[in-house]
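Each of the next two complexes has subunit A plus one other chain: subunit B in the first, subunit C in the second.
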Partner chain A sequence: MKSNTFGWILLAPTIVVLFFFGVLPFLYVVYVSFHQWNPFAANPNMIYNAAGNFRQIVFDSAFLASLGVTVAFVFFAVLTEVVVGYVLAQAFMSDFPGKAFFRTIHTLPLIIAPIIVGSIWKLMTTPSIGIIPHLLQSSVGFDLNIGQSAAAAFIITITMDIWHWTPLVTLTLIAALVSLPPDPFEQAQIDGAGKWQIFWHITLPMIAPAVMATVFIRLMDALRIVDEVLMLTGGGPGSATRYIGVHIFREVFPRTNYGYGSAISVVVLYLTIVVCWLLYTGMLAPRKPRKG
Partner chain B sequence: MKKKAPWPYVLFWILISFLTLFPIYWLFVISVTPSFELFSTPSVILRHVDWQNYTEVIGNPTLRGYMMNSLLISSGNAILTTTFGFFACYALSRFNLSGKESIFFWTITNRMAPPAVFLLPLFLLLTKVYRIEGFTLLDTRIGMILVYCTFNLPFAIWTLRPTVDGIPKELDEAAFVDGASPWKVITEVVFPLCRPGLAVTLILTWVFAWNEYLLAATLTNFNARTLTTGLSEYVTTTGTAWGIMAAISIFTLIPALIVFSVVQRHIVAGLTFGAVKG
Partner chain C sequence: MADVKIEKVFKRYGSVQIMHGVGVDIEDGEFVVLVGPSGCGKSTLLRMIAGLEEISEGTISIGGRIVNDVLPKERDIAMVFQSYALYPHKTVFDNIGFPLKMAKRSQAEIKEKVHKAAEILDLTKLLDRYPKQLSGGQRQRVAMGRAIVRDPQVFLFDEPLSNLDAKLRVTMRVEIKELHQRLKTTIVYVTHDQIEAMTMADKIVVMRDGRVEQIGAPLDLYDNPQNVFVAGFIGSPAMNFVQGTIKGSGTKKQFVSDGGLTLPVPATAAADGQAVTYGVRPEHISVGAEGILLRVVVTEPTGAETQIFAKAGKDMMDAIVKERISAAPGEEIGFVIDPANVHLFDRKTERRI
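Moving on to the complex of A and B:
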C-alpha cells in the first residue's frame, strides 16, 4: 500500500507557498501593527507601541469616513444587483428565441478585468469625452461631472458595479429557479393564488437559500472593491468614493508609516471576518426546510 | 403554466444586451478616434476608423515589455497553481492524511481576505525579509508568480477536488498491482483522465492572474510591470492619453474575451467558488 509520506510530499508545495505568501504576511502584519515603525522618522527602527496604533484608528476621521462610504456603497450596489438580477433571472424562465445567445452576452462583463471596467466607465462618464454626460446635457440639460459632484461620482461607481456584477446574480438565480420543482406552483395556481401571492409565499421561501448565498458572495466581493474605483474616480472627488480598499492603497500605503498602516490593515481584515461570519451564521447556516 | 408570447421577452433582452454591450463598444469607439476629434461632440456612430492608437501601443517598447510580463506572469502562475493544485488534490483524495479536511478548508481562507489588506505586509516581506544577499522578490516576475498563488492556488484546489475525487480509486489500485510507481500512477493514469478539469482550471487561473491589478501596482516598479498597471500610468493628473488608454484596455480585454468564448459555461461556477453551477 502507498505510504502517507508520498501524500505529504505532494501536498508540500501548496502548504509551503501558502505559508510564505498567505500565513506569514498575516502574522507579520499583526506583529508590525503593535509597533511604531517609520523608516524615514528620526528613529527608523521598530519600537513596541502596544495598542497605540489601534487607539489612533478610533479617532482617525479619514478612516471612519471611508468605512461609512464603503457601507453605503455595498448596501446600494448589492441591493440593486439582487433585485435587478432576480427580475432578469425570471425573464429567462420562459422560452423565447435566442435565449442562449442573450445569456452569453449577459455573462460577458464577468470576465472583464476590474481595472478595464473602470477604464470603460471612465470613458463613458468623463465630461466632454463620455457619451453619458453629453446625452444628459443635450436631453435634460443636466450637467454630470464625476470630477466635481460627490453624489454623481458615488452613483456612477454603483452603476459600474451593477453593470459588472448583476450577471453573476442573474446566473446564480437562474440556477436556483431552474431547480425548483413545478408542483407547488401548479397547486397554487389551481387554488387560485395571484402572482404576488405565489412570489411571496412560494418562490421567495424556496429560493431564499440561493439568494442568501448570492448576497454573501456579492457582499464579500463588493467590500473589497478597489481597481475599478481607483481607475474611475481615484477615490474622489474629495473622499466621496474612497472605499476602504482605495483608502489603503491611496492614503495608507504611500505613507511610510508602516506600523499605523499595518494596524489599519488588521482592523479591516478583522471587520471583514466579522461581517462574513455574521452573514454566514445569520443567513446561510439556518438552511432548514421551512414548514408550510 | 400558460404559454406567453415570446416577443416581449426578445425585445426586453435586446435592450439588456444593448446596455451590456454599449460600454464595450464605446471603449472601441474611443480607441479608434484620433485625438483631435475626441473633444468634438461625442458621437455614437463611427465617423472613420483610425488605428493609430493601436500602432502606437504596439510600437512602444515599454508597453511591449509590460505585455510580455503579463503573458509570462499569468502563464507561469497558471501552470504552477494548476500543477500544485492537482498534486494537492491527489494527496487529499487518495491518502489518509491527518487533518486533511482542515488543510482543505484552510487553503480557501487565503482567498477570502481582501487583497488590499495584504499590500503592506507583502511589500515589507518582499523587500525586507524574503531576501538572499542583494536579491529580493520585489519587482521580479517570479515574485509576482508566487504572490498570485495566494488567490489562485486555493481556487485551483477547490475546483480540481471534485475532478480528482471523480476518478475511481480502482484504477490507481489496478496500476499499483501491475507494479507502477506512485509517480507513474499520477502522471500516466490520473492526469490524462483529469485533463478537461485541468484545462478549465488552467484557463480561469490564467485570466485571474492576467486581470490582477492591485498587487502588481504595489509590488512592481518596472521590470515586472504588467499591462494592467501600465494602463494606469496613462491616467495622470496632468492629462490622460484617452486614445492610448482605450487601446491598452482593448489589448487587455482580447485574451479574456477569447477565454470567455471557450469556457463560458464554467465562469459562474468559478466566480462563486463552485457554490453555484453555471
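Moving on to the complex of A and C:
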C-alpha cells in the first residue's frame, strides 16, 4: 500500500495538469455541444437545445462532404506513409554508404512545425513562383494550379502529409525491425519460404503491433489535420480540401458557431474511436492467445 | 535421405580466416556429431550446410548435388535451432505445419502429417497453444516436430538441448536417438557437450579453431585419441596428463615426469630421452599397495564411485574407483596403472606416438 501511495504522489502533478488542460476542456466541449451558442447572434447566450446540434449534423451536406474528403485524404495519406515508411525502414536495415547521413536527412521534416510545413509547400506550389509547377511545366507540360484544380489541391495536401510524416513511420518500423530475433527468419528460409512468403507469414505478423500503433497515431493525427492545410489551400478550391479540422475551424472562428462546432468535434472524436477500435479488433485481437 | 560431403571448406570474414580446409564425409543415414569448444567453427559449419552462411572456398554437397549456390529453401533440409526459433505468432499446429504450407501441400495432408508428428512427440494436446504458453521442453519438441513433418534429406541440429535442464536433457537425448533409429535420416548435430556426442553419435567430428582434429566412432576416439586435444576433450572426467621424458630402452622403458615421478609405459615407439605427454584416464587407475605412491589431496565420494585427487611433487592425478575409499588428505595412496591403458603424445607436436 505504501509504495502505491508513493506512486500516486509521483503521478499527481501529471494528473492535475491533465485534468485542468485535458479533461475539463473536453467535458466543456461536450457540454457546449448540447447548446446553441453564438456570441454574435441575436441572442449571445448559451441556449440549451438538447441533441439539436447533432440532429443538424446528420443533414448537414457541408459536414458530410467534409467528412468524405477527410476519409479519402486519411486513407491515401496513411496507407502511402505506411507502405513507403516500411520500404524505407527495410532500406535503412541494410548497409550502404552514407546511411547515417540519409537517415538524419530523411527525419528532418519531423522537426518542422506544421504551420511552417504548410508555408513551405505553399511557396513550392504557388503558380509562377513555385518550384513544383515550374518543373511539371518544363518537364511534362502539366499546368499545376492548386488554386483552381480540386484534384491537384487534394493530391498536393496528401503529398505534403506524406512528406511530413513518413519519417515517423520509418523510425517506428526501424525500431520494430531491429528488435526482431534473427532465428525465425533463418528458420523460415530453411522451411522453404521465399522472400514474399517470409514477409507475409513472418515479418508482417511479428511487426504487426508496431504497424498498428503507427497507424493509430497517424490516423488520429491525419483526421485532425488543420494548420498545414489551412496554410496551403485554406480548404479550397471550393471545399476540395476542407478536411474536418478545417471545417470545424471555419465553423468556430469566422462564424463563431461554438455550439455547432463543438458538436462536430464530439462526432469526429467518436468516429475516430470507432475506426481505431475496428482496426484493432480486425487486425490484432484474433492473434491474442486462446486459453486452453 | 542423403549423404553429405564437405570438401576442403574455408570460411573467411574479410581478411580473417576462421575455417581452414575442413573435410568431412557423412554417409546416408548416419548420425554425425560435430563437437568442440565454443568458437571452434562447428556451428558455422552447420550453418554452411544449411545455406545460412556462404562458403568462401571448397564445396558442400548433399545427396551428390553441390549446394554451394543453392538457397536454403531448396536444399531439402530441416534444422532445429538452439533457441528453437518458433514463430511466436503461430500456434503449435501452424508452426509444425509451416514447412508443408510453404511446400503447397493440401490442407488434408498438412492436417494428417502434423497430427502424426504431434503424436510421435506427444504434442497432440498442445496443438492450439502459442509458443509462449509452452515450457522449454515442449518448445523443443515443437521445433523437432517442424523438422520431422517434411521428411527432409538431412536433419541439422544446432545445440538443441543446451537450453534444457539436466534431467530433461537426458530424456530428450534418448528421444532424439530413438527418432533417428525410427526415421533413419542423416543427422548432423552440433554440441559442445562431449557426453551428448559420445552417447548419440555414430561418428564424432572433433573440431578446434576451424580445423578437424579427429573423426571417428565414439569409442574409437575414446580408445585412440590422435592428439592431446582430443584425448583431453573426450571422456569425463578428463584424462590425466603428466609432462616428462622416456628413459631407458627395450622392455625397460619408463616414463619419468619433470617432477621426478616414475610411471609404467606400454611397448612404444617413443625413443629414449624423447619429451612426451603421458596420458591416463582416471577410470583406468586403480588403488593398491603395489602402486605408485602419491599423497591424497581430496576425495570426492559420489556413492557409486569415489574420485581421488592425489599429488606427487608438482604432478597431480586423479583416479575414479568403484570401492569406497576414505583416505585423509596428506595420506599416502598407491595408484596402479595398467600400461595398456596409457597414451603417449609427443610433447612438441602433441600427436599420438
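Convention: the second predicted complex is superposed on the first by the 248 of 292 C-alpha atoms of A that agree within 3 Å, B and C clash if a C-alpha of one lies under 4 Å from a C-alpha of the other, contacts with A are read in each partner's own complex, and residues count from 1 in each chain.
Note that in this section a residue touches a chain if its C-beta (ideal position, glycine included) is under 8 Å from a C-beta of that chain, and two chains touch if they have at least 3 such contacts.
Note that the structure is predicted; figures quoted are calculated from it, not measured.
> Touch check for A:S61: first (subunit B), second (subunit C), both, or neither?
In the superposition, A:S61 touches no partner, neither subunit B nor subunit C.
> Let me test your reading of the model: by the given contact rule, A:S139 touches which partner, first (subunit B), second (subunit C), both or neither?
neither
> After the superposition on A, what does A:I202 contact: first (subunit B), second (subunit C), both or neither?
second
> Does subunit C touch more residues of subunit A than subunit B does, or is it the other way round?
Higher number of touched subunit A residues: B.
> Let me test your reading of the model: by the given contact rule, A:F21 touches which partner, first (subunit B), second (subunit C), both or neither?
Only subunit B; A:F21 stays clear of subunit C.
> Does the superposition put A:M220 against subunit B (first), subunit C (second), both, or neither?
Touch status of A:M220: first partner only.
> Applying the touch criterion given at the start, work out whether A:Q189 contacts subunit B, subunit C, both or neither, answering first, second, both or neither.
Touch status of A:Q189: both partners.
> Do any residues of subunit A touch both subunit B and subunit C, and if so, which are they?
Looking at subunit A, the two contact sets intersect at 186, 189.
> Residue numbers of subunit A touching subunit C in their complex, please.
Going through subunit A, the ones touching subunit C are 181, 183-184, 186-194, 197, 201-202, 205-206, 208, 287, 289-290, 292.
> Quick one: which bits of subunit B touch subunit A in the complex? Just the residue numbers, please.
For this pair, the touching residues of subunit B are 1, 4, 6-7, 9-10, 12-13, 16-17, 19-21, 23-24, 26-27, 30, 38-39, 41-42, 44, 84-85, 87-88, 90-92, 94-97, 103, 106-107, 110, 112-125, 129-130, 146-147, 149-150, 153-154, 157, 176, 182, 186, 207, 210-214, 217-218, 228, 231-232, 235, 242, 245-246, 249, 252-253, 256-257, 259-260, 264, 267-268, 271-273, 275-278.
> Quick check: in the complex, which residue numbers of subunit C touch subunit A?
Residues 50-52, 71-73, 75, 77-79, 81, 83-90, 98-99, 102-103, 128-130, 132-133, 146, 150 of subunit C touch subunit A in their complex.
> Which residues of subunit A touch subunit B once you look at their complex with the stated criterion?
Residues 2, 4, 6-8, 10-11, 13-15, 17-18, 20-26, 28-29, 32, 88, 91, 94-98, 102, 104-116, 119-124, 126, 128-131, 134, 163, 167-168, 171-172, 175-176, 185-186, 189, 210, 213-214, 217, 220, 223-224, 226-227, 230-231, 244-245, 248-249, 252-253, 258, 261-262, 265-266, 268-269, 272, 276 of subunit A touch subunit B in their complex.
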